[in-house]
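These are the structures, in C-alpha cells.
In the two complexes below, subunit A is the common chain; its partner is subunit B in one and subunit C in the other.
For the complex of A and B:
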C-alpha cells in the first residue's frame, strides 16, 4: 500500500512535469493574448502524430523528433494565428470559442484522415528500462521527459524575463494599449506567443511518444489536463505551474493505481471542479 | 512647428467627441490643453498617439502626416505618450518598465538614459528591482513619465499627471515637469488642474465639449475672466 503510493508519487511527479510543459503553452497564450485555445490538447495530439511520422520516416527515437516537429508546430502556430486567431481578437468571446472549437474538430478529422483511427506508437526507444532504487523503479523515459520539460520551462522563463520579445509579451499581457505605446506591434507579439505555445506542445509530443501511443481523440485528455493544471496554478507563476502539474500528475497516477486505470481523468476532473469552486484564481495566481 | 493638428475629428464608434480641433506645438515649447472633465482631452491625446482612430483632419508631426498611424508606429516617429494614471506594467519591475520605454529604440539604452532618469527620479533607482504594482501613486506617475522619456522622444504628451495625487505629490511632479521644460523638452500637457498647468506652460488651449474655445499665452489665459471664473474658482 505505502509502496504503491510512493511509486505513484514518483511516477506522478514525472508525468506532472510533462503536463506542466503542456500547460505552459496554454498559459502563455491565455496570459498574454487572453485567448482561450480550446484546441490546445489537439496541438499535442498533432505533435504526437508528427513525432510518430518523423520517427518512422527516419527511424529516429521519439525524444529526438522535436528537432523537426518543433519548427513544424511553430509554423503551424503562426499560420493558425494569422489565418484564424488574429481575426477574432476584437470580437466577442463566443467567436473565439467557436473558432478554436472548430479548429479542434478540424484537427481531429484531419488526423483521422491522415493517420487513420487506430492508435499509433513508435518502436520502443533507447530510453526504455528502469532505474531501480530499492523497491521503487523510475521509468527512464519518464525521467528523461521530466528533465527535458524542466529545461524547456526554464528556457521559457529566461526568454520571458531577459529578451526583448519576452518582455514585450509580458508587457502586452499587463496592458496591451500601453505596450503598443511603447512600440510593441501586438499582431507580431501575439503571433510569436501563439507559435511558441504550439512549439512547446511539439516538445511534449516527442517526450510522450517515447512511452505512449496516440489516436485522433488523444487531444481530449491533454486539453483537459492542461486546463486543470492552469486552473490550479493560476496565471503568472512558472514554479506554480510546475507544482500544479505535479499535483495533477500524482492525482492521476493515484486514480490509476488505487481505483482503475480508466479512472485517470476522473481525478483530473475532480481537481478541476474543486479549484473552480474553492479558489477560482488558482493556488499561485495573481489578481 | 513640431506638431500641427488641423480640424481633427474623432470619437468612439458613432459617438463624436472632438469637433474640428486645431492646435500646434513648436519645438522646445510646453503647451497645455485644459478643460473640464469629459471635454475630450484624453481622447485628443489618444487620437494623436493612434489609440483612437481619427475620423477626419490632419496631424502633421515634424512635417509628416501621421493621422491614422498605429501607436507602435507613432512612438518610432518620436512621439511618447504618458497615459492617464501612468499605467506602468504592474507585473514588471521598475527596471523592466523603464527598459520597455526603449523598446522602439533599443540602442538608446547605451546613451546613459537610464542614469539620467535615475538622477531626475532618484526614488526609481531605489525601487528598481520592485514590481511596479508595489509602488505608490506618485511613484507610479514618475515611473510612467520616466518610461516615456527613455525613448528620447521629440514630443512627450502627458495626460493628467496630477490625477489622484496628494497636493504635496502634485508639487513634486510639477517640479520635475518644470525641470524637463528647462532642459528644452517639447511637452504637450493635458490637465484638469488648471492652475498648475497654466503656471508651468508657455501657451494654453481650452477644450470644452470637444471644441477649442480659447487659446493664448498661459499667463494671459490665467488672468482671463472666463478661466478665472470657470476653472480657477475666483
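For the complex of A and C:
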C-alpha cells in the first residue's frame, strides 16, 4: 500500500513535469495574448504524430525527433497566428472559441487523413528500461522526459526574464498600450508567443512518443490536462506551474493505481472543478 | 417589435417553412439516404435551437450537450431494456434525469460564479467525464454496445424500420422548442437572461437573481437534450458510451455561434445549412479519404467565424430586409417600413 503510493508519487511527479511543459505553452499564449486556444491539446497530438513520422522516416529515436519537429511546430504556430488568431484578437472570446474549435476539427481530420485512425507508436526508445532503487523503480523514459522538460522550462524562464523579446512579451501581458508606446510591435510579439507555445508542444510530443502512442482523438486528454494545470497554477509563476503539473500528475497516477486506469481523467477533472470553485485565480496566480 | 402579433410576416414565413418541412419526406419516402440525412439535420436543429437558450440568451457557452444527451439516451434505453417501459415515457424521464443532473452541476458552477471561458472548459470536460463513468459502469453495458429490443411492437418500443416517424417526432419537437424559445425570449426570464449576458453585475444590482435565471435556462436546455437523447437511442437502436461525444457537443455550440448568438432562427439556420452541407460532403468525398469532408467543413466553420463574427442570421436578415425594401419600393414607390428584429 505504502509502496504503491510512493511509487505513484515518483511516477506522477515525473509525468507531472512533462504536463507542466505542455501547460507552459498554453500559459504563455493565454497569459500574454489573452487568447483562448481550445486546440492546444491537438497541437500536442500533431506534435506526437510528427514525431512518429520523423522517427520512422529517419529511424530516429523519439527523444531526438524534436530537433526537426520543434521548427515545424514553430512555423505552424506562426502560420496559425497570422492566418487565424491575429484576426480574432479584437473579437469576443466566443469567436476565438469558434475559430480554435474549427482548428481543432481541422487538425483532427487532417491527422485522420494523413495517419489514419489506428493508434501509432514508435519502436522502443533507447531510454526504455528502469532504474531500481530499493523496492521502487524509476522508468528511464519518464526520468529523461522530466529532466528535459525542466531544462526547457528553465530556458523559457531565462528567455522571459533576460532577453528583449521575452521582456516585450511580459510587458505586452501587463499592459499592451504602454508596451506599444515603448516600441513593442505587438503583432510580432504575439506571433512569437504563439509560435513558442506551439513549439513547446513539439518538445513534449517527442518525449511522450518515447513511451506512448497517439491517435487522432489524443488531443482531448492533453487539452483538459493543460487547462487543469493552468487553472491550478494561475498565471505568471513558472515554479507554480511545475508544482501544479506535479500535483495533477500525482493525482492521475493515484487514480490509475488505486481506482482504475480509466479513472485518470476523473481525478484531473475533480481537481479542475475544485480549484475553480475554491480558488479561481489558482494557487500561485499573480492576477 | 410586433412579434406579439400572431400572423406577422415572420410567423407566416415560418409556417410556410414548416409545411414545406412536413411535406418534403413524402417526396423522398423511398430514398433511405435522404431520410437519414433529413433526420440527422433535424436532430442538430433541435439541439442547436435549444442551445440558444443557454448559449445565446444567457451567454453561457455550454459545451456539455453530449452529457445531457447521453444521460437521456441511457435512461430511456435502460428503462426499455430492463423494465420494458416504452420510450414514449422513457424519453421524458430521460429529459428529467438530464435536467436534475444539470441542476446538480449548474447550481455550484453558477453559485461560484464560474463563467465564460472556465464555464466552457468545465462543461466540455464534463462530457468526457460522463463518458469515462459510463465506460466503467458495467451495469448499463460498460464498453459494450447494448441493443434495444425489437420484439415488442414498433410503436410501443419506438423502433421503426424507416426514418419517417422519427423525422416527424423530431419536427414536432423542433416546433415546440422554437415556440419555447420565443416564449422565453419575451418573458421576464428572457429579459434577465439577455441582460445578464451583457453585464452580469449590473443585472445583479437591479435585483435579478442571475444564478437562478442561468440555472433555469440550463435546466430547460438539458431537458430538451435528454428527450433528444431518448430518441437518439431509439434511432440508432443501441446504447454506447460514445453517445457522450465531445465532438458533437462542441459542434452544437459552434452551430449556435456561427448561426448568430441569441437569435432563435440563427442556430436553426446554421444547423440546416451546415449539417446538410457536411453530410453532402461526407457523401461526395467520404468514399475516397476518411476525414476529408470534416476538414473542408472545419475550414468553412473557421471562415464564417472569422468573416461573419456576428453569425449567419444577421447576414440573412439584412438580405431579407433588402429584398423587402426592394419589393416595397416596387409597390409603393418608397422604402417599406422595415421590421426590426
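Everything below uses one rule, namely that the second predicted complex is superposed on the first by the 287 of 287 C-alpha atoms of A that agree within 3 Å, B and C clash if a C-alpha of one lies under 4 Å from a C-alpha of the other, contacts with A are read in each partner's own complex, and residues count from 1 in each chain.
To be clear about the criterion, a contact is a pair of C-beta atoms (placed from the backbone, for glycine too) under 8 Å apart; a residue touches a chain by one contact, two chains touch by 3 or more.
It should be emphasised that the depicted structure is a prediction, and the values quoted were computed from it without experimental measurement.
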item	value
Partner chain in contact with A:171 - subunit B first, subunit C second, else both or neither	first
Touching partner for A:95 - first (subunit B), second (subunit C), both, neither	second
Which partner, subunit B or subunit C, touches more subunit A residues	C
First (subunit B), second (subunit C), both or neither touched by A:179	first
First (subunit B), second (subunit C), both or neither touched by A:236	first
Touching partner for A:151 - first (subunit B), second (subunit C), both, neither	neither
Which of subunit B and subunit C A:75 touches, first, second, both or neither	neither
Touched partner set for A:103, first subunit B, second subunit C, both or neither	second
Doubly contacted subunit A residues - partners subunit C and subunit B	none
Subunit A-touching residues of subunit C, taken from the complex the two chains share	61, 108, 112-114, 116-118, 120-122, 125-126, 128-129, 132-133, 135-136, 246-247, 250-251, 253-254, 257-258, 261, 289-295, 297-299, 301-302, 305-306, 309
Of all residues in subunit B, those that touch subunit A in their complex	49-51, 70-72, 74-76, 80-81, 83, 87, 89-92, 96, 99-101, 103-106, 147, 151
For the subunit A and subunit C complex, residues of the former touching the latter	36, 84, 87-88, 91-95, 97-99, 101-106, 108-113, 116-117, 216, 220, 224, 227, 231, 260, 262-263, 265-266, 269, 272-273, 276-277, 280
Residues of subunit A touching subunit B in the complex	164, 167-168, 170-171, 173-175, 177-186, 236, 286
